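Consider the two complexes below, in which subunit A is the common component and subunit B and subunit C are the respective partners.
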Partner chain A sequence: MSVDYLAAAGPPPAAPPAGLPRLIPACAPADAGADHRSDKQSLAGHLARLGPLRYPARPGGLIAEAEAAGLTGRGGAAFPVHRKLAAVAGQARERRRAVVVANGAEGEPASGKDAALLWGAPHLVLDGLQLAAQATGATEAFLYARRGEELSRRLLGALRQRAAAGLDRVEVEFVQAPDAFLAGEETALASWINGGPARPAFKQPPVYERGVAGLPTLVQNVETLAQLALIARFGAGWFRALGTAAEPGTMLATIHRADGGSYVTEASLGTPLTALLPAELAGPGAPADTVRAVLVGGYHGAWLAPEQAAGLSLSNASLRPAGAFAGAGVLAALPAGRCGLAETARVGRYLALESAGQCGPCFNGLPHIAGALGELAGPRPRRQALADVQRWAGLVTGRGACHHPDGFVRFVRSALTVFRAELDAHARGRCTATDHTPFLPVPAGPPAREPR
Partner chain B sequence: MTDSPRLRVNPAACSGHGNCAELLPELITLDEWGYPLLAEGGVPAGLSRQARRAVRDCPALALMLSAPVHSVPVHSVPVHSEETQKLPRRPA
Partner chain C sequence: MNGITSSTALWYASRATGVVALLLLTAVMVLGILVNRQGRLPGLPRFGATSLHRSVSLLAAVFVAVHVATAIADPFVSIGIVASVVPFVSHYEAFWLGLGAVSLDLMAALIVTSLLRGRIGRRTWRVVHWLAYLTWPVAFAHSIGSATDMQRGGLLYLGIGCAAAVAAALAWRVTAARRAVPPGQRAARVLAAATASRQLDREQRARAGAR
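After this line comes the complex of A and B, so read on.
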């Protein structure tokens, strides 16, 4: 069986992908119904595209290669991958056991890139998970992915294909993540896999010391693992051919266009935002007539004024001075004619409901802030409402076990800056918006809390 | 850079009893929801006895005097009733 699959891969190694895309193979409609050799998502198709998975001769090899590549986590925090690998490897040497988790929870409603990657290149993620297990000396591996019947079927199918091919050294257990904004936070993830609630914990000790089953645990975003699998095949030099010197490589991004369309794309770090939102930021009349604002980095990210966004690029070096960050690659162009305050209030209410309800400042402060935002989004708010938001924002910052209150405050404060003209208009009882239909995606109804 | 110990609070364990602010008003005040706000900097020598008492008497075991990070005790005691816990529990 294993010979069949490997033989179908053709003579290794495959040529590295030149240019984009690297991660998710372009899928022509004709591919969909074709046999397994031309189905790029199948194991055979995957191996035909990229060649066989090669383990470095020594476990530390990949850590050094990840460092040379300058790979950072693609789940949003952009933490250097080699440091996390080395930390878990060091713990695993002492404890003789460790756990690796591919994190595809993607609780951010505006992000679709992890699901798209898991759907379009499941084996690349699973290759990365095996490589991470080898690099850290992990003895157990988990694939933690968002709920979804079709996606689950596909991932379980991919795991079966690998088992049949005898490809994996460490067995992978599949776990469905709960539908919660914080489901992917690494302590919440560890708690859920351990059979508890998916709530963040006060990080002492950190999960790289005590995570799943009390063992040293490496939690990496699925895209990070896919990038790692490409680096293992094609090397740090190839990885660095795209991106900037300080932030090398590519990242997946979820783009929400002003016309309501949204899609996932792969872009080099440093790509100008005008190239990612061309009609909105560089087209006729742009950006003043096309967009009200651009949300960068998702619901823990920041709103940017259109003129400002048009001068920036998809990299932390460019975005951080503007108070934003690339995060997990969410870009949303709020169309001109919508009310940024209404959008912020709607998302703020959702985020307040998604508080894990553990830390007093968060479970008290976020609903208070969300309520005041609702008032600011309506006609003639009390004068006090804006001052309240600002005071409460200061009170919740840095006072949670996780970064939920901090991310929430970043999002809210950016709105108060970027939508200042709208705040003034609302204070006078007017709203400049012409279209009041909701724009940013927020799950309908109360947060899903059903047990697994 | 001072060697004096620092107060820390585990926000997930703290349930806002407010004892700490009564025992150590010099360094701890309460926010408008009753949760502690800690003064910046270390605990001055003259207040170390009161600080230790505040730590010892915290009903939620949420207040700590920091030693090196790795020796900080872990408290993951759930402090809210089931009704206030929003996320799913493992089915029995």
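After this line comes the complex of A and C, so read on.
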């Protein structure tokens, strides 16, 4: 390539995207398998769409810009990005070395947004990874992505394109994440890259002090890095043009429609849920005849009654009071005619088996709760089963090395509230569902693995 | 020996606290091994073994402190403060007292790292805590070697009993480690057991209802 992408006097910056989408360029489906050199996902297409990658003059510049933008982590926890960047930068100054990791593990089976982003805009994520490396003073970078042959080929191809163009200042190593719900938890991630099992560890010392190779490590979700790459190009003011004042910007969301369709979309923070699930929450007969419940925030998230969901929006300010949170943007509308208890029991069983098996309250408590949920999902459960779930739920909360037990309990407790009528029906030996096929995605195959 | 006089009181105190310290350190060792393999004591919840291990080790530390202090203060043999922490510099029984100094230093390392576990990180703490397996045998050798009255009679049997207890705990530890379920299979085992017991309960209830 002849274009000098790094030169300040290079090609002029492209016009910033005015509305949506910002992250993943819209492309005709025909493009998908077409010539990579001409499509928008290639390096040339990416740079033509968004302009050259410009590094801030001083390394800390991006940290201030991220703070001004109010960017928070898009992996689910919504932690302020500038604080993580500053923490790793501070450690890196002392240790003279640091690591940045783009986290695209996406262990959540109901989420597809990280894979969609890595597929649709790999170079935006990799731009963000380089910018984060510069901002923190990192000397090593990793791209940690969900297992998959096609995606891996694509990402390795993207890394080769950048190497050929001399675009990257820090070399990026590609690592495939194991298929585990907790694979993206940052201590599990650090352990896996270090050659150990992908199991969460105790948080002392934190990953930003000692992570990959014992070095200060910044772990950011791939979407967070993509957002960072846009902020570096177009500024905090542009970023704040969408979203709310408290939660600015946009986020990717994985929508599971009641008709069985699912897709990834980008939405401004604060978008009403009725706009994201229009047919389910705002259409004719909605919501009573169309949906039984809405799952918000994924399998560590919460079920909401449809009437309640219809009044809420995609932001933590709106969802938190309802006991839910935006998380990594999973939104699933369970169709009317399905059994919420059966769905909860199925997902609960999956989550219990995804316990890393380290903390007693988790690997003993979650399977026992899942067993009781299985009984509640069947006909005429004993009254004891409900009492068991409630009692054990209280016993496992806050007692793991990671938040797996807490997220599991949030999901289960919300089900007991939202599906109260169904619980009564099951107690009388009836199920109001007419369709018993599974709805929420749960990976098949042997769940308990010991990959290393 | 003609009973305790003011000149022999410190000597006896040092001997007595030394024996009690050995008993307590043996208990600490056995409890520590139990905690390591998530074992249980009858009548105690699992976390009970952990807090018992911690409490007994601090109690043992107090007895060791009194044992060392009285040995230094005792005028019968002159053991300097330096010789109590620096191994093999004592004029009296240099080797056997040296072992005592070594075990004292190791114990100090174990206690300090345990108190600072939150700051130094689990991994460092764990590495240092492996020294416990060195500390106990060194302390035991010091007991047998420097105390002539431990080499015969009732105290000898006490010493043998302590060694047998630690050996039994170690043997249990090794077999328990071999029986341990790998982390990746733990949840699946518990789920299978929980589901099976629920199924059994329901069947029993159904039979009772049919009758």
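Quick note on the criterion: the second predicted complex is superposed on the first by the 427 of 452 C-alpha atoms of A that agree within 3 Å, B and C clash if a C-alpha of one lies under 4 Å from a C-alpha of the other, contacts with A are read in each partner's own complex, and residues count from 1 in each chain.
In this section, a residue touches a chain if its C-beta (ideal position, glycine included) is under 8 Å from a C-beta of that chain, and two chains touch if they have at least 3 such contacts.
All values reported here derive from a predicted model rather than from experimental measurement.
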Clash or fit, subunit B versus subunit C on superposed subunit A: clash
Touched partner set for A:His300, first subunit B, second subunit C, both or neither: neither
Which of subunit B and subunit C A:Gly357 touches, first, second, both or neither: both
First, second, both or neither for A:Arg146, with subunit B first and subunit C second: neither
Touching partner for A:Arg292 - first (subunit B), second (subunit C), both, neither: neither
Touched partner set for A:Ala198, first subunit B, second subunit C, both or neither: first
Touching partner for A:His426 - first (subunit B), second (subunit C), both, neither: neither
Offending stretch of subunit C which, after superposing on A, collides with subunit B (from 5-13, 77-85, 95-103 or 113-121): 113-121
Common interface residues of subunit A - those touching subunit B in one complex and subunit C in the other: 197, 199, 201-202, 204-205, 353, 355-358, 360, 362, 364, 447, 449-451
Complex interface listing, subunit B residues touching subunit A: 10-16, 31-35, 69-70, 72-76, 80, 84-91
Subunit C - residues contacting subunit A, complex: 38, 46, 118-119, 121-122, 181-188, 190-191, 194-195, 197-198, 201-202, 205
Contact set on subunit A toward subunit B in their complex: 178, 180, 195-202, 204-205, 353, 355-362, 364-365, 395, 399-401, 447, 449-452
Of all residues in subunit A, those that touch subunit C in their complex: 197, 199, 201-202, 204-205, 210, 349, 352-358, 360, 362-364, 366-368, 370-372, 374-375, 382, 385, 447-451
